Each structure stands twice: as structure tokens, then as C-alpha cells.
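To keep things simple, chains are lettered A, B, C, D, E and F as they appear, and every chain counts its residues starting from 1.
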Amino acid sequence: MDKNSFDLITFGEIMLRLSPPRHARIVDGDIFEKRAGGAELNVASGVALLGLRTGIVSKLPQNELGTFIKNRIRFVGVSDDYLVYDDTPDARLGLYYYEMGAAPRKPTIVYDRHQASVTRIKMSEIPEDIYHSARMFHTSGISLALCQNMQNVAVELIRRFKSAGATISFDVNYRANLWGEEEARKTIEEILPLVDVLFVSEETSRRMFKKTGDLKDIMKSYATDYGVKIVATTQRTVISPRKHNFTSIVYDARSDKFYTEAPYNDIDVIDRIGSGDAYVAGVLFGLLKYGDPEKAMQFGNATSSVKNTVPGDLPSSDFKEIDRIIHEHHSTGPVSEMNR
Amino acid sequence: MDKNSFDLITFGEIMLRLSPPRHARIVDGDIFEKRAGGAELNVASGVALLGLRTGIVSKLPQNELGTFIKNRIRFVGVSDDYLVYDDTPDARLGLYYYEMGAAPRKPTIVYDRHQASVTRIKMSEIPEDIYHSARMFHTSGISLALCQNMQNVAVELIRRFKSAGATISFDVNYRANLWGEEEARKTIEEILPLVDVLFVSEETSRRMFKKTGDLKDIMKSYATDYGVKIVATTQRTVISPRKHNFTSIVYDARSDKFYTEAPYNDIDVIDRIGSGDAYVAGVLFGLLKYGDPEKAMQFGNATSSVKNTVPGDLPSSDFKEIDRIIHEHHSTGPVSEMNR
Amino acid sequence: MDKNSFDLITFGEIMLRLSPPRHARIVDGDIFEKRAGGAELNVASGVALLGLRTGIVSKLPQNELGTFIKNRIRFVGVSDDYLVYDDTPDARLGLYYYEMGAAPRKPTIVYDRHQASVTRIKMSEIPEDIYHSARMFHTSGISLALCQNMQNVAVELIRRFKSAGATISFDVNYRANLWGEEEARKTIEEILPLVDVLFVSEETSRRMFKKTGDLKDIMKSYATDYGVKIVATTQRTVISPRKHNFTSIVYDARSDKFYTEAPYNDIDVIDRIGSGDAYVAGVLFGLLKYGDPEKAMQFGNATSSVKNTVPGDLPSSDFKEIDRIIHEHHSTGPVSEMNR
Amino acid sequence: MDKNSFDLITFGEIMLRLSPPRHARIVDGDIFEKRAGGAELNVASGVALLGLRTGIVSKLPQNELGTFIKNRIRFVGVSDDYLVYDDTPDARLGLYYYEMGAAPRKPTIVYDRHQASVTRIKMSEIPEDIYHSARMFHTSGISLALCQNMQNVAVELIRRFKSAGATISFDVNYRANLWGEEEARKTIEEILPLVDVLFVSEETSRRMFKKTGDLKDIMKSYATDYGVKIVATTQRTVISPRKHNFTSIVYDARSDKFYTEAPYNDIDVIDRIGSGDAYVAGVLFGLLKYGDPEKAMQFGNATSSVKNTVPGDLPSSDFKEIDRIIHEHHSTGPVSEMNR
Amino acid sequence: MDKNSFDLITFGEIMLRLSPPRHARIVDGDIFEKRAGGAELNVASGVALLGLRTGIVSKLPQNELGTFIKNRIRFVGVSDDYLVYDDTPDARLGLYYYEMGAAPRKPTIVYDRHQASVTRIKMSEIPEDIYHSARMFHTSGISLALCQNMQNVAVELIRRFKSAGATISFDVNYRANLWGEEEARKTIEEILPLVDVLFVSEETSRRMFKKTGDLKDIMKSYATDYGVKIVATTQRTVISPRKHNFTSIVYDARSDKFYTEAPYNDIDVIDRIGSGDAYVAGVLFGLLKYGDPEKAMQFGNATSSVKNTVPGDLPSSDFKEIDRIIHEHHSTGPVSEMNR
Amino acid sequence: MDKNSFDLITFGEIMLRLSPPRHARIVDGDIFEKRAGGAELNVASGVALLGLRTGIVSKLPQNELGTFIKNRIRFVGVSDDYLVYDDTPDARLGLYYYEMGAAPRKPTIVYDRHQASVTRIKMSEIPEDIYHSARMFHTSGISLALCQNMQNVAVELIRRFKSAGATISFDVNYRANLWGEEEARKTIEEILPLVDVLFVSEETSRRMFKKTGDLKDIMKSYATDYGVKIVATTQRTVISPRKHNFTSIVYDARSDKFYTEAPYNDIDVIDRIGSGDAYVAGVLFGLLKYGDPEKAMQFGNATSSVKNTVPGDLPSSDFKEIDRIIHEHHSTGPVSEMNR
């Protein structure tokens, strides 16, 4: 592979996230914290911070907000080479408002993403050389759900990357506020035969895909039915909005093996948004770097657990940090209380 | 009742509250967060946010501080129609400093409320039409304790609202730093025959009113002895300054029934001040809206529990939020982790 | 007029305004200051703070953002009685981003207001009793420009208030980014015969209405041609983004007199947005309170000048402050340096 | 003089100052900046920062607020040896709210200092050894005006320090909101025979002391009439709330000479409060350190000018900074733009 | 002992500490909180806040950073009499960056303290009168480890204070990032015969000093082998970065007794840095004030527990607070939830 | 030139900059704003934001601080391809503290950059392919002055880039606190024969290079004596720390012409640091993009003027903004007050 290739390219919407300061509420106060976020950006950034080269295909308004987002994308280590810009009068950046929770009050999200510039992205805006520039392509069900045009572009990108030899990763990431279960199922089932690495929750498997029985059998069925090679399902226990446990199961169809580990317990949840994407990032990093599903599962669990402790959608952990956390998670002796 | 009537009018002092940012201390740092607070305002605001029309009788200095408080009162949904202003050179706004705790350090309050303008409020400043404009009147033992003039005004207001047909609600809210138990008991016993809805803690019942025996018998005795119709007693368990459990018992003398429910456990306490007033607000809302003591108890518990998770004295929950929390508290199946 | 009437009701969009902290830029930094703004809200608030009763007709999303705006509207003294709420999935709050300038860098605004809930307001949502409840109605060219539906509603409101006997105030407030000059001119010319109080800039008079010659003659022509009774034109000199001079001319057709005064010079401009609306508020207050065009001009100039010194769209001056500033502006002797 | 002596001891009230962030208003916003302030503390601190040993006599509440103030006093270099504490239930710290101005809006102060603990300070609380421990004693007309008890204590302190051989410095500092001109004049005339160094404004000389004629003759008359040795009068020109010019005249009765210098022009006023006290501090430092009225005038002008550029009542300049500013003020060649 | 003597003098480096706001990360964000810190300053401040007179020997750069640190030292109640200043071009203030943790992410420290001015402190800069001015002298292994010169100065100070009759306190405080265990052991063993009060962790006793067997026997061995009179060992259980338990054992060689108490459980850890120093401060206060090892142990445990709940290295608790916490820790009945 | 080439590569130190919030002081307060800065980074970023591809050669510590700086470098559009990392125990990031000024107080800088990792950068760490990857190379006198090793590396980079055909740009940027005039002159004279584009101030030309006579003759002499092709000299007039005028002269030796324009007057100086580097960036952009010295002068003046209005060392202007400002600077008709 040549020096300029990417390990991973993703496709999806990038939004402005606005949050009141920790514990404050949307309905009160004078301040919003401004951040960038979006499922596929979160994944690209997580993989980049761990040490691989990543880029993202998206469309931003050609104004100060678009520039802010572009700068933040670069800040988190992702290439802006495949961003395209919208200079029409209708150009807009999708945004969402996020308020953290504290038991018994739950976190709240208000979306305002209709008609964002990315919904008008065209295949012709994406350079032809992209398909051979990356080892892996990733997108999620959110891109399929946002509008028909994005669905068309996402599916076409999956096809072209697949043809060019890239591994295809897909996170079902079902959002009931974006589309119905039936529509989602039909759409996703059409692309599953193209997918190599699948992220799907147990709840979605049971409710949307109507799977029943043991979780492991369910996970295996995606390999059997559609030829998926890796299936990953997270297992999160919400003790309170500020305290979670987390682990996952990864199924490798080639070896027909399941990988899991003891959960990270009593995670201090500072900001839960993006922890699912951080999990995807960790798994994809493990696959891209080591080709090892066990390591993928370990990086996924660690990256996701740590993301919960960091404000914002985007992960901020480098390889050294995650490596140390994995090591300590498996360590049985005394560990230092502090990194000095 | 005509369109301009109020569901609830309260009487009491409104103060400026100054707090160092979370975890910082009064003795250090450069910043105070400025907020409005006061038991009876907290109650009026809680009921207003849940959807009813409320107002407050109080006196503010005719200066920038008074204007700030007036603006905040309106912000939290309470009418400023019955506020009166003090333009004398002695006009002042009472204030208090509040520092949050973290185990084993307890929260700290320093009051500076002597000689506030409200202590010089006169009956003649309160318009005559007020007594027929509201379905319910509420005040607390704090108003009785602050000074002789406020006590006189409070008692007179109770009398006049009662005569005009309003329901009288009273929260004993005993504060040892304001008056002695003996003086408090004597004063309160005189107004109890006028009270329809009584909020009194178990500790106060036992220590100030010298009641003994089972809590339910104690609660019932207020109905038997003074004709109180509803008696409500909260049950808070302080696990740490940042973790409480909370529920309550409501006694309805008309049906001679007690209402309670499983406690809200492991409440993430961000700011405990005002959670007692939020309880009163929830109960009064339940009574005013539904006339149902069970719903009153449920709204009281939920509103109080949520208040603990929000910075500031004042509640910020609307009906939709509280309704959802009550529903989930009683739900046995899986609930979503987030409001999207 | 009965106790519950309003002195002024306005109609228009209310937006969320997001600004980086003073001197910081949209493309950088972690924080946006969140505020409410909108031309007609600014006017209603300015008049309310000066002591009259005002309300606003608008439509907000039925979510946390809508609640925030409603709370802020109340905070600035305006009634929320005539707000209607949008609980459809498309509900959204229009917003704009504002970055302050510093010479030679100019202030920048990025709008994101397409498809806001207010653009779908319906006449049937506005209660019939509103037309007889107010002495004056005000809206601006922005409401006409935003979309055809708002234009229809605005024109219909003007007609109905006029029929009910209210004075009609209209601020041309031409925005080239919303509509073309030709379209604006045609639309506005149709409503001018209904307008009693007209605010129009010299530039708009010359460019959009193709008026030529002396400014005073131009102003007078609105009275002659359309029967406008009061015409007001501001005169702002921009020395730098942080230093302006300001005065205005008011023409009273009934007496055929022009009123003006020496400009406020060297205004320390902290935030220029909303200072035009503050001018409108001052003039309308002067007319409503005193029926005196000279006082109207004085209140307009003072209120606008002070607004420039305050962050946010919304004015924050009460009568005492404006009265003192007018007095000192006309004073020739020494004035105190500070309000103690 | 022994190692433990002080160069200067002052007497006066120390208050908590609460200010909204720059440009924000008291009536709005969520934050107050918290600081310590008080005319005589400002003087003691200014002299201490320039390198001499100073202390202050005052009384603080024995609570967290008192501790905060004590810590800040130490922070600014002043000894807390002569502070006394009030542990009665009435203990309170005086406070004031300060909002900065921007033309044409003037700065605003709201005081809330009635009944502060310092008003109950007793001579018996001040240790006897204090009178021989300092070379100079300073207080101001504010201490005389606050209440009869403080006036008694202030006058008694002046007498005792004078008897013990200390130089007496007095700043008339007339505040119309504290007492009337007639009462002030009578009170101050009684202590003038004890005063060695007098600070009095031209306006006060003319209005309160009914002096007429040339300013220099007026200044001289305090020496002639009462035996004052040094008379200092500042000359401030307020161009706008954010732009002042400043210089002063110092009269030395011993040599019968006047000292002045070209004004500091176009001072960028960030926070004007305390700049008068900073002037006193600079002059007293010049007298204590060099015994030279010309240097006193220069240090006074420089220290006061710089104070205007710093937020808070208290000065923050050390000798190196003031020395450099004096040098550059008198320099005619090119000076560096920056201190590197 | 005369009035001007100190109860405790310490020696060590004082650093600038820079921390991102709570939960934010060093690699992101726009803000660092600036604070002063350093093991021996923390100890001196802790003892001063509890009511005794303390000072510190250290060297600071003669620039704005040095002045900031000096001001903070005074703010926290410690005398700046024995600070010396470095005005060479190489003058620098050591600093460190501290990021708080949240499970499973651990706290992180990055040091930047090489070549700080304090490493060039000379015996000749420390006044001769210091040795007879204090009842106790304290330093830690950090001072020995930083560089050869500081080690020489620290050892010489220990010798001279010992000769002058002061009690010598020493906290081993081993830091693997500063020196090796072997070098540390050799150096410390040389000074142990001079030490009266020794703070050493169980881990250090076992790993560095190669002690084995029961902890109590280990503690006792320092008395037997080197004549140490008081040996104190803390016992911290890290449940998570935000939840600790804490107690300690104090051995008194004179009475051959061990003192301990039930741990403070579920401490809400806001900032763990400096809690070990706060323990030392509490113990030394107990010894200096009461000469009672049991009280020393109680003050140490309470002061350390509370320090964990306060941001910054430096303690902020006065005697009243610690006394109340000790009392409640031993109380078995109900305690109030709040300090009013 | 191939797709991966850079338009500009620079070499120099990158520092952490710590500033108190606007108007606050280093000696007080709780907060530092954290930013990246460094003359050659500022230049690379300025050119990148205007639309060209740039990179920087530097060395950063392999820790969280290095990561922060790397992220910020990417944020401002500069490639991190040629950064090298220091993982030795001595690794450190140079830093400086910056306090803004307000007349008569000047801005203050305190440097702490000794022994930073960059001072140990080696030629062997810089990849060989770099020399043919860029059209232009830039560094400044600061890199020559920091230490002998950086001087060696800087000179060697100039030689190698020159040999590879790149244009060499050099900014004298004399800093008296880093080296003496004599040493600087000798060193710089040795590299001047290699320089194509020279930035030198009039003061440096006269004092360091001992040039006399007319400024234009002086500028020309660098072309005559050393073969420099473009010589640029800025002309800044400091009215106050917050108000500057700015223009420049550019000499083109090939055409023997001088280019200048009317100054930008009354620039609102928010943060002056980096405005000289922004000038260099504008000029280099003009040369690289258009090869036109007049456009270079115009872009230099505009970019520098705008930089003064933005907090931080780094520019933040894109092509659209600068183009608009140049256009308005030359416009004679009315210009809009705001960018909408």
C-alpha cells in the first residue's frame, strides 16, 4: 500500500453539538459548550488517535460553522481531504442539543438536523480515486436513515469500496426517531451481504430483525445468513446515568469463535454520547492493526469505557492510554493509582 | 373561576443566593454563581412550571438587585403582580451563601438576611383583590420566624385567604437558626386550626411538637387535633452529600388513608437546596390539578427527586418531565437510557 | 381600557442567538453564549422594561429550546400569553450565530432560520380577543420577508388590529439576505396605507423606495403619499465596530414638525445587534406614554445608544436609567461620573 | 525601628465586592466576580505591594466570608495581625455590587453595608502595642461617615497614633450617599489640626469647605489654617467611562512648593474603583520611602493610572512596574512596546 | 518562646500547577486552572489554617510567576519571610500539569520542574536566625530527590534545626520518577537518626526499606533502629478515582502504643493531590498543639479526608471544620445534613 | 509539482502560551488560557488558512502537552508530517506567559523556554524527502538565537532547501532577550546570501546592521549587498496598547520598485502577539499565490491588521475574509457595517 493510503474512510453527517455546562439545563443558563460530533466522525477519530490514517466523506456549509467543524476534524486527527462544501444559500450545519442526566433525570437530546448540507451530497462530488485509497470503509444506519439521498450515496459508496477491495464495516445504530423498524430492516438487509464487520445490539437483533433465542446463536446467524465475517455486540448495564458497566462479545465467523472478557465495572460516566462509536473505533483498530478479533474486542471495550469519562462525542485516547488500560484491566496484582 | 385567577399564591422572603462553582469553596476562588431562592418562591415556581398559574407576595428593594430577582421570578413562571418595592435608603435584598458538600465535608450555608426589605412589608401594600383571586394560599414557618412583622403579615394573610375561601397550605420548615423550638411551637399551634394542608417532618413532630409513637399516628393527630385535611411527611435517607434516597407519606383525613410508594434510590444530588420546597410544589400541584392525594404524593416525590439533580434552589421541571419520571418509577420493564 | 389590556403587541420570529465570547471567533473556541433575540421581541421587551405592558405573537417549538426562549421572554418583561407551540416532528427554533467585530474586522452573522416553527404559524392559532386587547401593534419587514405564510399572517394581523382601533407601527428593516428590493418595495407599499408609525432608514428610502432629494422631504413624503402619521429615521455614524455616534429625526405629520437633537457621540459599542430595535422601542414608548414626538425621539435615541453598550439583542434599561441618560445628555453643567 | 514595626497602619471597613463580568449587568446573567475592597485596605495594599510593611485595623465576621476576606488581605500583602472577628449571630460582612459602564451608560454601585460587623468594633479590641508599631496611620472620611461608633474609633485612633509620634494621613473622600456636607465638614474640621497629610478633591474643597479662588491657594489654606504639611489634590478628566486623563498637584507646606506633572492621557479604564485609593497609596509610599513630595506625586499619579487598567478595587503593581511607568512617562525617546 | 516564633518551618519546592477544568483533558480545551502546590507548602499551609504560625524556605523566580506564588502562599496563611528570589536570566518556576481521572481512566501528572530556581538555593541565602525561630522543622524525600544541591541544603537544614532544638519531621514520600529506590534508601537512612516524626507508607517500608512481616512491627522498627519517636503510616483504599476510604496508624515510641480509628469511608474524591500532605499537616498540628499522638492521628485522618473533596493541592480547612468532622466521625447518633 | 508537495515549510520552536483572561493579571486570578504559538508556526498557519499547503519542522515532547500542541497545529491547517517527538525524561515543551496591556500599562511576557525538546532536534530526525517537497522554506532569527544546535539545524535546512531549489524566506525578528546585537548581526550576515525574501524592521536595520539614511535606501542595500530579491519592512504606530496603525513597504529588487499603501488606522488591538508573523504569512501567500509583490504587501498588511483583533498568536482569517478587508480598505464608497 502506498504512503498516501488511508486505513479507514467513513461516511456520515457531522453535526454541531451544543450542551449546557455539566449539570446545567437547556432551559436555563447562559452558555452552550460547542463541539463537533457524528457517529462516523467519532469512529474515524477514534481509529486515528490510536495511530492509523483515517478520513471522512461528508458535506459542510461553506461558512464559519463549516470551518469550525473542519478545524475540529483535523484537531482530532482525521483528514479533511474528502470533505465537500456547500455554498448555496440553503447551506446549513445540522446540530443537536445535549443535556446530561443525573438519576432519576435522564440525559436529553434535541435534534435539529433537517435539511443539513450533507443531505444534498452528490456522488459526483466524491473523487474517483477514493475507492482505492483505503483498506476499510465504514458507515452506519444513521446515514441510511437521514434521507433517501444519503441512503443512496451510502449504499453506492459501500458497493464501490467493496468492488475496490476494501473491507466493509457497518454499525446498525438504530434510531427510532429517524425511521421505523420495518423500513430500517428492509434497507439494512439489502446491504448485509456486502458487510464484513457488523455492529448490532442485542435489542436491535431481537426487535428489528426479529431474532430469538440465545445471543450467541443470534450473532452467528448474521454470518450464516449474509456472510458477515465479524459480528460485535456490546453489553452495557446502566446502573445510573453516571455509573455504567460495559463489555462486549465479538464473533469471528472464520474461526467460529466468540471473544469476550470481564466487564469494566463502575465506569464514571461523564458523557455517554459517542461511547458506542468509540467501541466501533476500538474494534476496527484491533482488526486493522492486528487482524485479531480478541484484540479487537479488548480495544473496543477499553476505548468505549474510557470515552464515557470524557466530555464530548469524540474520543481522546491515544494508543498508550488504551494499551495501559487494557493491561490494568487484565492485571491481578496492585496497580498504581496515578499516571506520573 | 375567572381567567385571571391564580391557582396558588404564596408569601415569603426571596433572597439572592451566592454559591461558589461546584466543588469550589467560599473561602477561595473568584466567582459566585448568582441565583434567586426562597422557600415560598420555590414552591410557587414548581407549581407554575407544572402548568398552573401562581404568584408571590413579597417585597424587594427598588434597585438593580430587586430587578434581577423580579426578572428571575418571571423567568421561572411566577407572576410578579403582587411584588411590592422598597425605595427607602435602607432597602436591601437578603442573601445567603451556599457551598456544596462532598463526603465527609457537609454543605454549608451562611445567611445574611437581617433587615431585608421584606421584613418591612405592610398589609396596606397588598391589594385587597388578592384574597379572591386564588384557589390556594401557601406559606411556611420561615415567614413566621424571620421577624414579628412578617409573622403578623403571614398570619393575617392566612386569615384573609381562609375567609375568602382559599385552601391554606403550610410547611412547618423549622429552622433552628431562626427561632427556638418552644416559640415556634406556640406560634404554629395558633395557626394550625386554619391549615388545610400541612407539611411537617418526623423530626419536627417529635422534637418540637413532642409527639411520640408511630409516625402514622403522629401524622393523623394533626387531623384529629386541629382539623388539618392533608398531612405530608418526607422520608429522606442521606447516604452521602451526593447520594440520597427519597420518598414520603401523605395522609388524607377525609378518607383516613395513607399513601406512599417505593423510594427513589441513589439520587445523584447536585444541589439539595430547595428539594423540600419542590416536594411541596409537587404535592400542591397534585391536589390542585387532580384533587387526588395519591397523585399528590407521586408528584411530590418525583419533583423533589429531580430537583436534587439541578443546580439552584428553583425547580426546572415541566409536566412532561415529571410525568415521564413517575411513569418510569412505576415501570417494571426496560426503559430507555436517554430522552431522544 | 381595562386592567388586562396591553399597551403593545408585536408579531415576529424569535430566535436563539449563539455568540462566541467577546473577541473570540466562531471558527475557534469551546463556548457559545446563548441568548434570545428577534426584532419584534426586542421592541416588545424595550417597551416593557420602560414600564408598559407588552406581549408577542410568535410560534416556538414544543421542546427544551422553546421553553428556554419562553423563559427568557418572561425574564425581559414580555407576556407569553400569545405564544403558540409547535409539537410536530419538524418543530425547530431558528437560530443565528453572531461574532463581534474589531476594526478592521467587521461583525459577522450566520443565519440558520429556514423552516423554523414560526413560519408555520396560523391565524387560527391566534385568539380572537387579541385585537381589542392592545393600544398598538408592531411588526417589521423581516416578518414579511421570511416566507409567504408569515407575510400573510403579518398583513392580516395589521388589518385586524387596525380595524379594532389599534395604532399600527411598522419598521421597514430591509434585509438584502432575505428578499430583493423590488419585491420588498411592492409588498410594503401595499401595507403603508395602514401604517401610523413608520421606521425607515435613509438608505432604504433612497435605494428601495427610489426617493431622492433632501432627507426631510423624503420623510414627509410617506405622510403625504400614504397617510403615515409619524416617520422616524435613525442617523448612525460608524467610526469603528466599537465606536459609533447616533441620533435620529422624527417627523410628526399632524403638526408637520421635525424633531432631532445632538447625537450621542463616542458610544462604546459592546454589541450593536438590537440597537435599531431599541430605538423603535424608545420611540413607541414615548408615543404610548406621552403622545409626544419629541419625547419619543429622545427616548429612542437614548434607548438605542445604551443598548449598544449591553451584550445581547435585548435591551436591559428601565425608565430610571433612560430618564437619567436623557437628562444628562441635555445637561450642560458637570455630571457625576458614577451612579452611586 | 524594630524589625516588627509597620510603615503604615490603616483603619476602615473591608467589604465584599460583587461585580457581573465585564459588560454584563447586575439585572441579568448568572455570575458575580467576588473580590475584597475598601478604601483603607486599598491604600494599605498599594503601599505593601510597593515594598513597605502595612497592616489594617478592621472587624470581620467569624465565618467563611470573613475568612475569604482575611485570605485576600494576606494575598495583597497586608498583615492580618490587627483584624478582629465578630462571632455574634449578627455578624455580617458589608458588601457592594458594582457594574462597569460604557458610554453613555455610567458605572453603577449598589451598597449593602448597613450593620456590618466593623460598625461594632471597640477600642478595647485593638491591642495597645499598635500605636508605637507604625510610622504612619491613615484613614478616610468614609470611616467617619459610616456610623457614630466608627467615627469615635477613627478619631480616637488618630489621637493615639498622633500621640505616639506617627504621621497622620487622611483622605476626605466625601460620599454624599453616606452623610451630608455640613455634618462632614464639622466633623472633619475637628480632626484637621491632627492631620499631617491631607487628600482632598477640588470639588470637595469648594463645595464642602466653601473655599473659593485659585486651586493652589485653596490647597495652601489647609496648611495655613490647620497646620497640614502635605496637601494632595487629584485632577481626573473623564473622557468616557473607558477613557480618562489623570494627574495631581501636591503641596508641601515645609518648602511652600507645589509639585505637578503632565497628565497620563488616554488611560484605558478597565475598572475605575480604587484608583483614588491607589493614588493615596502612591503618595504615601513616596513620602514614607523617600520623604520627597515630588516623588510622592509621581508615584501617586503612576499608581493611580495603572490601577484603572486592572479589574478590582485593589492595586496589583509592584515597585518595578511603577518605577518603569514613571520612567517612561518622563522619557522623550522611543520606548519599547512590550515588557519582555 | 517569643511571640514572633514559628510553630513550624518547612523546606521544599513550590510549583505552579496547571489543570484542565474538572473532567476536561490536557490534550484538548482552552483553559488551565492555575494554582500553587508543593508537598512542603501543603504541609505548612495545612498547619497554618488549623491555627498555628508557619513559614517555608524556598526560592522563587523574581518575576510575575514568583509573585503569584508568593501571593498564594500568603493567601493560605503561610509566612513569606523565608522565601528568597532568583533574578538571574535562568530563573524559572517549576510546574506540573494535572488531569483528574474517572474510572477506568486514572489521574495523570506531567512534570516540568527541571532547573527550577529552587534547585539553586544556597545556605547563605537563609538567615541565621531561622534555626531558633521554630519549634519544628519539616521536609520530605522529594527535596532530597530533586537534585544534589537541594539534598545538601535539606540535610544541612535538618542538622541545624536539630542542633537548635527543633523537632524534626520527615515524610519519605518516595517518587519513582525522581530517583531510584536504592539511592533513596541510602540517602534517607543517613538522616533517619535525626528524625523525630516519620511518615512512611507501608509500600515504601516493604519495597525500599526491604522490611517484612507485620505492619506494626515494621513501624516500630524505625523507632528501634533509628530512634524515631513518632511513626505514621496511612491506609488508603482506592475504590475508584472518585471514591476512596482512608485511615492511618500512628506509633508513639515513648509510650510504645499504636493509635488508629475506623476509616473515613466513601470519600468523594474531587482532587486527590495533596491529601497525603494534608495528613502530615493534621498529624503535626495534633503533635504541636496537644502533644497527643491520638489526636494527631485523628486530625491527620480528618484533614486528609477533607482535602480530597477540595480542588487544588492546598488544604482549605480551618480548625472549626476539622473539629466538627472529627466529632461527627466518632458520633453515633443522628447528625445534621448541613452546616447552617 | 505533485499533489503531495507543500507550498511552504517552516522551521522553529512551538510553545505553549499561557495568558490570564483579558485584563486579568499573571499575579492574580485562577485561570490561564492555553494556546499554541511560535513565530514559524504562526507563519505556516497564516499561509495555510489562506489556502496553501504548509508544514512545520519542529520537535515536541512525547507527552500530553506535545499531543495538545500537535492537535492545535492540525486545527490551524498545518501538516504534522514533519514533527518529531522527544520521549526522553528531559522532554519538555517551552512555554511563555503573556499578559495584555492597557495604557499606561504595557503588555508583559515571561518566557520559560530553556532546554525545550526542540533545542535537541537533530538533522537525522528530518526525512530526506522534505527538501524537494516544498516551493518555499521559512525560518526566523529566533531559531538562530535559541541555542547553537538550533542555529546549526536552521542554517543547514536553509542550505539544503536552497540547493533543492526552494525559495528561502527569513524574518530577522531580533529579540534582545535571546542574544546580543553583535552576535545576531554576524550570524545573520552569513546566511543573507542565501535569502530570497527578507523581513527586517527599520529599527533592526539601523541598530543591528548599523544602516543609516533613508529607509528605502536601507531596504535596497540588502538586495545590493546580498542579492536578496524581496525586502519587507513593517510600519507600526503604537497609539496605545489597544490602538495601532499599520502598513508596510515591500521592495522588489527584480523590478527595483517599492510598494506601499495607506495604513490601516485605529486597529482595535485585542492581542498583538503574532501580528508580525501574520504579516509574513500574508506576504508569503501573495508571493506564492500570485508572484506579485504588490499583492504580497496588501495581503501582509491586511492579515497583520486583522490578527491584532483576534486573541492568541495564531491567525484565524481565511481568504474570503482577507480579500474582503483588502477590498474595503481600497474602497471609497460606503461599505456595509456588518457581514451578514
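Throughout what follows, contacts are C-beta pairs under 8 Å (C-beta built on N, C-alpha and C of every residue); 3 or more make two chains touch, one makes a residue touch a chain.
Bear in mind the structure is a predicted one, so any value in this text is a computation, not a measurement.
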Which chain's mean C-alpha position is the greatest distance from chain D's?
A
Looking only at residue numbers at the chain C/chain D interface, is the share used by both copies over half or under half? Answer same or different.
different
C-F compared against B-F, more contacting pairs
C-F
When the C-alpha atoms of chain A and chain C are each averaged to a single point, how far apart are the two points in Å?
45
Taking each chain's centre as the mean of its CA atoms, chain A sits from chain D at a distance in Å of 61
Between chain A and chain F, what is the gap in Å from one C-alpha centre to the other?
39
The positions of chain C in contact with two or more other chains are 22, 25, 27-30, 67, 71, 75, 108
Chain B partner contacts - residues on chain E that touch it in the complex
22, 75, 264, 266-268, 270, 302, 305-306, 309-312, 316, 321, 325, 328-329, 336-340
Footprint of chain D on chain F - complex, ascending
22-25, 27-28, 101-109, 111, 175-177, 238, 240-242, 272
For a test of understanding, state which residues of chain A touch chain D in their complex under the given definition.
29-30
Going by the contact rule at the top, pick out the chain A residues touching chain F in the complex.
4, 67, 71-72, 74-77, 318
Considering the complex alone, what residue numbers of chain B touch chain D?
18, 25-35, 63-65, 67-68, 71, 90, 92-93, 97, 99, 108, 110, 112, 114-115
